[in-house]
Amino acid sequence: MRKLVTKKFVLIVLLSMIIPATGFAADTIKIGVAGPHSGDLAAYGIPTKEAAEMVAAQVNAAGGVLGMQVEVLPMDDQCKPEIATNVATKLVSEGVSVVIGHVCSGATKAALGIYNEAKIIAISPSATNPPLTQSGEYPNFYRTIAPDDDQGKLAADFVTKKLGAKKIAIIHDKGDYGKGFADFSKQFIEAAGMAEIVLFEGITPGAMDYSAVVQKIRHENADAVIFGGYHPEASKLVGQMNKKRMKIPFVGPDGVKGDGFLEIAGKDAEGVYATGPMDVSAYPENKQAKADYTSKYGKEPGTFFDQGYAAMQAALNAIKVSGGTDYAGLEKALKNSFVDTTVGKIKFDAKGDAEGVGFSVYQVQDGKFVELK
Amino acid sequence: MQYFLELSCSGLVRGSIYALIALGYTMVYGIIQLINFAHGEIYMIGAFIALIVAGVLTIYGFSGVSILILAGLIATIYAAAYGYTLEKIAYRPLRNAPRLSPLISAIGMSLFLQNYVLLAQTPDFLSFPSLIPDFGFMEPVAHIMGSAELVILVTSAVAMVALTVLIKYTRIGKAMRATQQDMTMARLVGVNVDNVISVTFVLGSVLAAIGGVLVGSYIGQINFYIGFMAGVKAFTAAVLGGIGNIPGAVLGAMVLGLAESFAAGYISSAYEDVFAFGVLVLILILRPSGLLGKAVKQKV
Amino acid sequence: MSDYMKRSFLVALWFVFLTFPLMVVKVNTLKNTVEWRWMNMLWVAIGAFVLSLLWRWALERRQLKNKEAESGEDESTRLGFGQRLLVEPKLYKPVLAVLFVATIAFPLLFDIYQTNIMVLALVFVVLGLGLNVTVGLAGLLDLGYVAFFAVGAYTYGILNSFWGIGFWTSLPIGGLMGALFGIALGFPILRLRGDYLAIVTLGFGSIAKIVIENWEEVTNGAKGIAGIPRPGFFGADMSITSATTYTYYLMILMVIFTIFITNRLKDSRIGRAWMALREDEIACVAMGVDMAKTKLGAYAFGAFWAGLVGVIFAARNTYINPNSFTFMESALVLSIVVMGGMGSIVGVIIAALVLILMPEYLRAFSEYRMLMFGAIMVLMMIFRPEGLIANVRRKYRGHKVMTEDVNA
Amino acid sequence: MPEITNKLLEVKGLTMDFGGLRAVDTVSLDVCTGEIVALIGPNGAGKTTFFNCVTGIYKPTRGDVLVHPPAKKSQRINGFKSNRVTTIGMARTFQNIRLFQNMTVLENVMIGRHCRTTTSILGAILRGAKTMRQEQETVNRSYDLLEKVDLFKYADEFAKNLPYGAQRRLEIARAMATDPFLLLLDEPAAGMNPQETRALDELIVRVRDTEKIAILLIEHDMKLVMNISDRIYVMEYGKEIAQGGPMDIRNNPKVIEAYLGEEADA
């Protein structure tokens, strides 16, 4: 018995030495793609996965990176922190070189520590929470989207300066993303001192209706509404405001700026403002990617497709430039060499935010989001 | 004062919807002492089927009113069928089981139906056509009450009156009351208890489906998850009013709707649900059998 | 038999009708297109037919079994294999030994990912065991159990972020906070019966989440608390791999600790009172059991485990936000208890491992996870209400000799 | 007839209303040490309601329920919760058997010991010497009681699997486990066959004589009542209509009238 145990132990030790070794010996580059691929937030995660797979397919068809094939490992984190850590350890043990993700800021925070420990870089297409880059706690984090405070500032400026609102109601969905946006808007409006915030309130996503809140907005005589949250609640609010004959501007963040909002809100969407990543559809890379997507899937790409695509491009470019998957090399490449992506020509600043990406304001006109110059 | 009216109106509209769903809960509970946890999902399925029917009919070129009638009709028929099947599968085999078993089965059914719709249709929100025509009132009424709200209030009131008449004056209504009093006795005097229970589920489901269609066209969007919270709230309303008691369910629903609306209006809508459940706990502590419920002495 | 076929055929037809609009039609109101998925109809028909046959067969078997039980056949002589494993030393000793070795060797044999998800599964084992006390033993249905889990996790998160208090100090505090909340929430609902209890606890569960979301000064709201340290080991600096392995062994100890304690309690004056309360509240009180004390005890004890393991959960994730504490988690823990067999410890452990690990290994099927939970809960209640492995009642060794002495 | 020494239970003018319905109307009743007292009356006379009022399941509308435990001070127990009543020393059985179905026979009796033992949650975890002693005492005492009611051989069975008569006896054993000075039996012979009834008859007398427990019982079986009771109270429509020894009651015209319809099956 004792002998057997020893034998087994030796076997285990040998095995454990072999397993990580195979990771290096393989002639593929593994890229993890983590985000919600199931559940109610899947709509925000799947476009990134599809984008990453498309980039990989293209690169592989052209001979790969540094002569190696790119393999995409999609992982579903359902935007839950505990699942995100599972995913992160899974990706680490699979020996990925870079992770594209995660999609939700909360899940990203949970996973980043694990990547940092394993010296893996994560590039998120959508985690807009400012401290992710600004706190300096996550040196291995990069993103191809601008942080929320930019967006909040833009919304605040737009409402006070362009729309000239004096009494502003800020409504949010109590979520990480929505509340964050609402907080920054509030902060910038208060700092500018040009308008008064008459209402700052959370609503419950999934509540039957928001007519009480709408009445409250009217009661406070607000002349503009800033909303932090996603499109289902936004369309409910907008619909009820219209039903209650309230014709004041409604400004949402990029969680509102998408086809989902247009589809659900329908006629009510007309005239709604939303901030969103700058219009990048003019870039040739972007046009190409969108055309490829449409020909492959027969529909328009979803939310964060551009950012996901760009993250993948940036990651592969960094590998190519640095000539390997070494952490320090990748870091240097990401921060120094420009790369053409679907969101423009970008590189990353010292904190990990992409330079050259930003937000602009859109308005729904004739059933489409149109960028306001 | 005007603000108060506005809030009251939103509270009453919300309360009417809760009432339509709560009636189903209360009827089922009255007869077999079961919280039909999946009742909210019937409401959701009713809304989904109405959406699908309306969508198909629009494509085949039907016009406004006929869509409303057909979609509503088919939705209620299907909801009734689902309610009937639900009882047969998940509750009937558990008629004599310990009390916890059918409740857990009901929670299971609720999860199952939610995810069934998620997988069969979509996890996304869908836009619900506004089946109720939006004819304009004049200000200052317009912003307090629109046509959709009026339709909801009227439909709910009519449905409730119809239900009360049905239970008071028809044969099946009498059988239902007999079963509610004493199932064994009712069976002995020749009431087909199984049929009565099925009818109860069907009636409850029809009311829930009406609620689903109304809410769908009022709010303009639905997804697979709308039934859960609505169901929980409606059940809360039923408990508030005294579960098993039909006027109680309506009263409880109105109290809950108003409480939520005033909480949102005067305090903060972030704590809306806290108030809803707070009212529930408070009433259960002060009057454990609900507002209109009779204190039933358990037979020892 | 042909009657069977005919009935199942009718059932299949019924389900085709029932599922037709949802399964077959998919309408896009925007582009005004309809997709007719006729294949689905075929699958529903076949599925319903087969399931209906199985259903009838199973129901009949259940009735047969009931009849046998009624005709006075001794149940205890026909213990299932699962139960025999538990009571016969010849069977359970080797199994236990193998299990022990496998448990110890697990992190050595598998990579960090496997270890990590195992830790999560073990967290749910403890949650299941804790809820098992409240629901399985004392019969108090709690649909807001996750609130206590959240209390534990946030206790550590808050203590750590405000005062830098470490894991080992927070661990017992988390458990005590859980118990305290159990008592605090238990008080107002003492008098409520089963169904009312269910809805009120559900309410408490959602209130807890709302409070966490809104009480930003303390809980950091939806942003969550980040940078929570992993469990420390005498201040040693550990890599993620070794920290995970360490957490794994910690959780194993935790599970053993939980089993040990709950087992002791189950076979005690308190545990028996809980069971009696579950069986018949009026009779139980009439036999001199203090209902309030006993119920609160059950709540507090169940909540204690949730609080305790909540601390470990926070430490394992290093980040917590309100998203981890929804009704779905409560439902998940409840299905663990139901599937495992109320009151049965081994059953709960197996159920937790299956329900948590299965979706990790079958990621392709993860969409079907909640669907399956629902179906499992219904089917278990109908066909195997005693759970996977039914509780084996302990036989007490009293001395007949001694009693005779007393008599004499 | 045993000598009446002192009162254990003293009920004065007890009244219980349910809404407008008066279920028990100013009923007074005493039970003394060493007595077997029966409470009889037609169905619906309010006997069980009376029991429920005395044992704390209902709170009586009016009247006094006084107990005089041996060697302890007297108490007025109106509105006490039933667990307190039991702890004071009055234990009961139920008309429609209320056993803990999914617990073993032995465990059912062990529950009776609950109020005489003190192990707390912490104690149950630590299993100190005191806990172990109490536990062993509980087990032994319970086996002992099972033997007395002739259920020893069923100790490890689930209560739900017992035959009907045995379930009734188990209820008695469970009540006795609480160390009562007064045992309240609600129709203990209901549903029993003549042999079982005879055995029960002996059991009740034995309990009184060897355990020194006084007994108050509700019963429809007149033979049993007349055989063993020292005194009998008769209720009809919530009111007390007669009391006295078996002979007096047998010849009381009011009682005969009340029972006229039912006499046939008695």
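Read from first to last, the chains carry the letters A, B, C and D; within each, the first residue is number 1.
The rule we apply is simple: a residue touches a chain if its C-beta (ideal position, glycine included) is under 8 Å from a C-beta of that chain, and two chains touch if they have at least 3 such contacts.
Owing to the predicted nature of the structure, the values given are computational and were not obtained by experimental measurement.
Q: Could you name all chains that are in contact with subunit A and with subunit C at the same time?
A: B
Q: Can you figure out the chain closest to the middle, judged by Cα centres?
A: C
Q: For subunit C, which other chain has the most distant CA centre?
A: D
Q: Identify the chain pair joined by the greatest number of C-beta pairs in contact.
A: B-C
Q: How far is the middle of subunit A from the middle of subunit B, if each middle is the mean of its Cα atoms, in Å?
A: 38
Q: Once you find the CA centre of subunit B and the CA centre of subunit C, what distance in Å lies between them?
A: The mean C-alpha positions of subunit B and subunit C differ by 30 Å.
Q: Whole-Å distance, subunit B centre to subunit D centre, using C-alpha means?
A: 47
Q: Note the residues in subunit B that touch 2 or more other chains, in rising order.
A: Counting only residues that touch two or more other chains, subunit B contributes 126-127, 270, 273, 300.
Q: Could you list which residues of subunit A touch at least two other chains?
A: Only 174, 202, 204, 263 qualify.
Q: Which parts of subunit C, given as residue numbers and ranges, touch two or more other chains?
A: Within subunit C, the residues that touch at least two other chains are 30, 210, 213-214, 282, 367.
Q: Hey, which residues of subunit B end up touching subunit C in the complex?
A: For this pair, the touching residues of subunit B are 29, 33, 35, 45, 48-49, 51-56, 58-59, 74, 78, 81-82, 85, 89-90, 93-94, 97-105, 107-121, 126-127, 129, 228, 232, 235-236, 239, 243, 270-271, 273-274, 276-278, 280-281, 284-285, 288, 298, 300.
Q: What residues on subunit B touch subunit A, complex-wise?
A: 3, 6-7, 10-11, 13-14, 17, 123-127, 134, 139, 142-143, 146, 148, 215, 218-221, 223, 225-226, 229-230, 233, 260-262, 264-265, 268-270, 272-273
Q: Please output the residues of subunit D touching subunit C within their complex, sorted ascending.
A: 55, 57, 81-83, 86-87, 91-92, 94, 98-104, 106-107, 110-117, 119-121, 123-125, 127, 131, 134-136, 138-140, 142-144, 147, 152, 156, 158, 161, 174-175, 177-178
Q: Spell out the part of subunit A that touches subunit B in their complex, as residue ranges.
A: Residue positions touching the partner: 39-40, 42-43, 174, 201-204, 206-213, 215-216, 218-219, 231-232, 235-236, 239-240, 243-246, 260, 263-266, 268.
Q: Give the list of subunit C residues in touch with subunit A in this complex.
A: Listed in rising order, the residues are 30, 105, 108-109, 111-117, 120, 210, 213-214, 221-224, 226-227, 239-240, 244, 313, 316-321, 323-324, 360, 363, 366-367.
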